[in-house]
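Dropping a structure here in structure tokens format, bear with me for questions.
Each chain carries a letter (A, B and C) given by its place in the written order, and its residues are counted from 1.
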Amino acid sequence: MITLSSDFQSPYPAAMKGVICQWTETRLVDVAHDLPRQDVRTSAFWLREMLPYFPPAVHLAVIDPGVGTDRAAIVVRAGEHALVGPDNGVLVPAARRLGDGAIEVFQIETREGSVEGTDRTAWPPRLASSTFHGRDVFAPAAARVHEIGVDDVETDEGLHAIDSYESLAFPDPTISEGGATGTILAVDDFGNAITNVPGEYVADRFGGELSVDGESVPLRESYAAVDPGQRLVTVGSHGNVELAVNQGWGSDAFDVSSEDAVRIQCNDTRQ
Amino acid sequence: MITLSSDFQSPYPAAMKGVICQWTETRLVDVAHDLPRQDVRTSAFWLREMLPYFPPAVHLAVIDPGVGTDRAAIVVRAGEHALVGPDNGVLVPAARRLGDGAIEVFQIETREGSVEGTDRTAWPPRLASSTFHGRDVFAPAAARVHEIGVDDVETDEGLHAIDSYESLAFPDPTISEGGATGTILAVDDFGNAITNVPGEYVADRFGGELSVDGESVPLRESYAAVDPGQRLVTVGSHGNVELAVNQGWGSDAFDVSSEDAVRIQCNDTRQ
Amino acid sequence: MITLSSDFQSPYPAAMKGVICQWTETRLVDVAHDLPRQDVRTSAFWLREMLPYFPPAVHLAVIDPGVGTDRAAIVVRAGEHALVGPDNGVLVPAARRLGDGAIEVFQIETREGSVEGTDRTAWPPRLASSTFHGRDVFAPAAARVHEIGVDDVETDEGLHAIDSYESLAFPDPTISEGGATGTILAVDDFGNAITNVPGEYVADRFGGELSVDGESVPLRESYAAVDPGQRLVTVGSHGNVELAVNQGWGSDAFDVSSEDAVRIQCNDTRQ
């Protein structure tokens, strides 16, 4: 199985699918092609949250603002999974989670020179363009890794192990007796603002109130536990504290966006 | 085959697909993941209109504003099809159409407690979150029903037949000699306002004029039978009377939206 | 393999998929369902740019503002590929590229009369609606062509060869010593304005400046070779000259849209 993720929207993902279909009949599953445009950090968050639900697979993920520069093209092996994309950090958080912290990184060799026609089964891949490595480099690499198998990546003449690569990590919250200071990692398509504060921090207080940036907000287990349009704090499906509005837009109601700081206090600490 | 429908937009459908891929290699087909957000009624309309075109399948459909409340999680058996989703009515109109009116409803048992890691092949499913039953309950249930077969749903220890469930029905139009009073059921992505008035009501009058809320409008068999930008009434692909604009937005031009009443008269009844 | 393209957005593509799944278990791959709405010309461009990356396949492509009029429904054979859609030119540029210029066109016979229920496996297809031939005519035809094989299209009782069909071609640029006068063929989802000027025209000048409609703009091999927000000219993945902004919207910054003329001069020709 090969999964596909990108910020390409439409129709460029089709070119990647076409190339992969030239190599293999394996199952293709779209994860998302509307990841935040050229936003490596937030896309890395979503890959980390989505890819672990899949069985062992090759995951093609292209959020690549540096396409055409000298950033490397890489394959990351993580447990029984492989991730294929640019060396800009976007693959790393997902890979660490899939590999229980242990990852191996391989650089994809590329060759200069244009490609005749639209056949893209040459290996190592040729740099047919400086603007669409998703089609010209990463899609062939994903298909190639699928073909040879994740365990045998090091045997391939077009892939060589490297020690140095771009890392990317999300901040940890600061938690003390007085409260937690966290960061908004992402806002989802329901408007929920997802923090980095672990749900355990609030888990024994459901049904009560929390203070969010100084304002009292109900802590509930589900969105529908407050009236439509009302704010709440909950623990989202990611396991983190989330700022939400039932059937509304949490990020607006709390006036927060990605990378903003947020201060969460359990109200009994005010005593 | 398993079809997937939701109002999740992106990227949450990927988590459901990942879970299903842990269970089965069957074909996955996306119906839509941008059904009207938390709008059970309109989503039920679209499921009713789209799912019957599929061969026998398991249809996962999650429009679930009550996630985390005590609304049940259900499997509906309808002919050779099964539908899996929340007990809020969203599955019912499609199921009645697929089952020629006859449906059977089974409640999905769930178990408390978190799920270790991201493996979701436990059955009955565990309530890993209160906010994403699409991933934690419905996706495993769809895969499970696919695995055991629609005919054997009652043999499963995690499913038990129930008599009571949330129903949902669309209004019937009032048709008399003086005209038809109908309701807008949905506005589609082309801006066509789809009524509940059956096409038969106007079928012998193509080429003439109708009165819509008192204004005369041409009745034509196809959009392109009037000039671009012009209003028309037609019989849409659903078989119902539709208010449209050729290459334009019917709902704007007729100033109607979902659930609005509309009065349609054949002009010769004015005599 | 059957690929699907349309301007239907959502959820109507699902009805086409359902119908095809009634016929065949072959792999379905979505190319795009948000091609420019009822814009035959720009959609034809995208089909030409995307479909050639696929291995031999049946390509269903429905951009059909004339649905329900007397425009024909056609199958175009091009090399080992077949394209299925309306006879309005939308298939032609892609077919010419797939067939190295040589294409054969077959008209799809249709029968009058409604279809009982939602079974759509009758052949030749019946005109169940005048508004959704994607579902009623083209999806069955794509499945049928896949079933009988591209080589045997002429043996089918529902398809007959025709000599006359709607053509569609993109303008050629005018290139002289003084510069190139081209046309914007499309603006992609990154805001890049894609011209019809071949990349070869500028290929030996990377790193220098060009004049675009009289203003000097850097010519670079990749978007990231200029600062974010800065304009550049590059050769895009289509092989054509492209007007772009690094991490921004080229069509806005250059104030151009589809079908606009653009004048590109190599600066040393000003001497």
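Following the convention adopted for this analysis, a residue touches a chain if its C-beta (ideal position, glycine included) is under 8 Å from a C-beta of that chain, and two chains touch if they have at least 3 such contacts.
Everything numeric here is computed off the predicted structure, so don't read it as measured data.
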item: Classification of the subunit A:subunit C interface as same or different, half of numbers criterion; value: different
item: When subunit B is superposed on subunit C by its C-alpha atoms, the rotation angle in degrees, nearest 5; value: 120
item: Centre distance in Å when subunit A and subunit C are each reduced to the mean of their C-alpha atoms; value: 31
item: Numbers and ranges of subunit A residues touching at least 2 other chains; value: none
item: Of subunit C, residues touching subunit B in the complex; value: 8-12, 14-15, 17-19, 21-22, 25, 28, 37-38, 65-69, 117-118, 120, 128-132, 135-136
item: Contact set on subunit A toward subunit B in their complex; value: 1, 3, 5, 27, 29-32, 34-35, 46, 49-55, 57, 188-190, 221-225, 234-237, 239, 242, 247
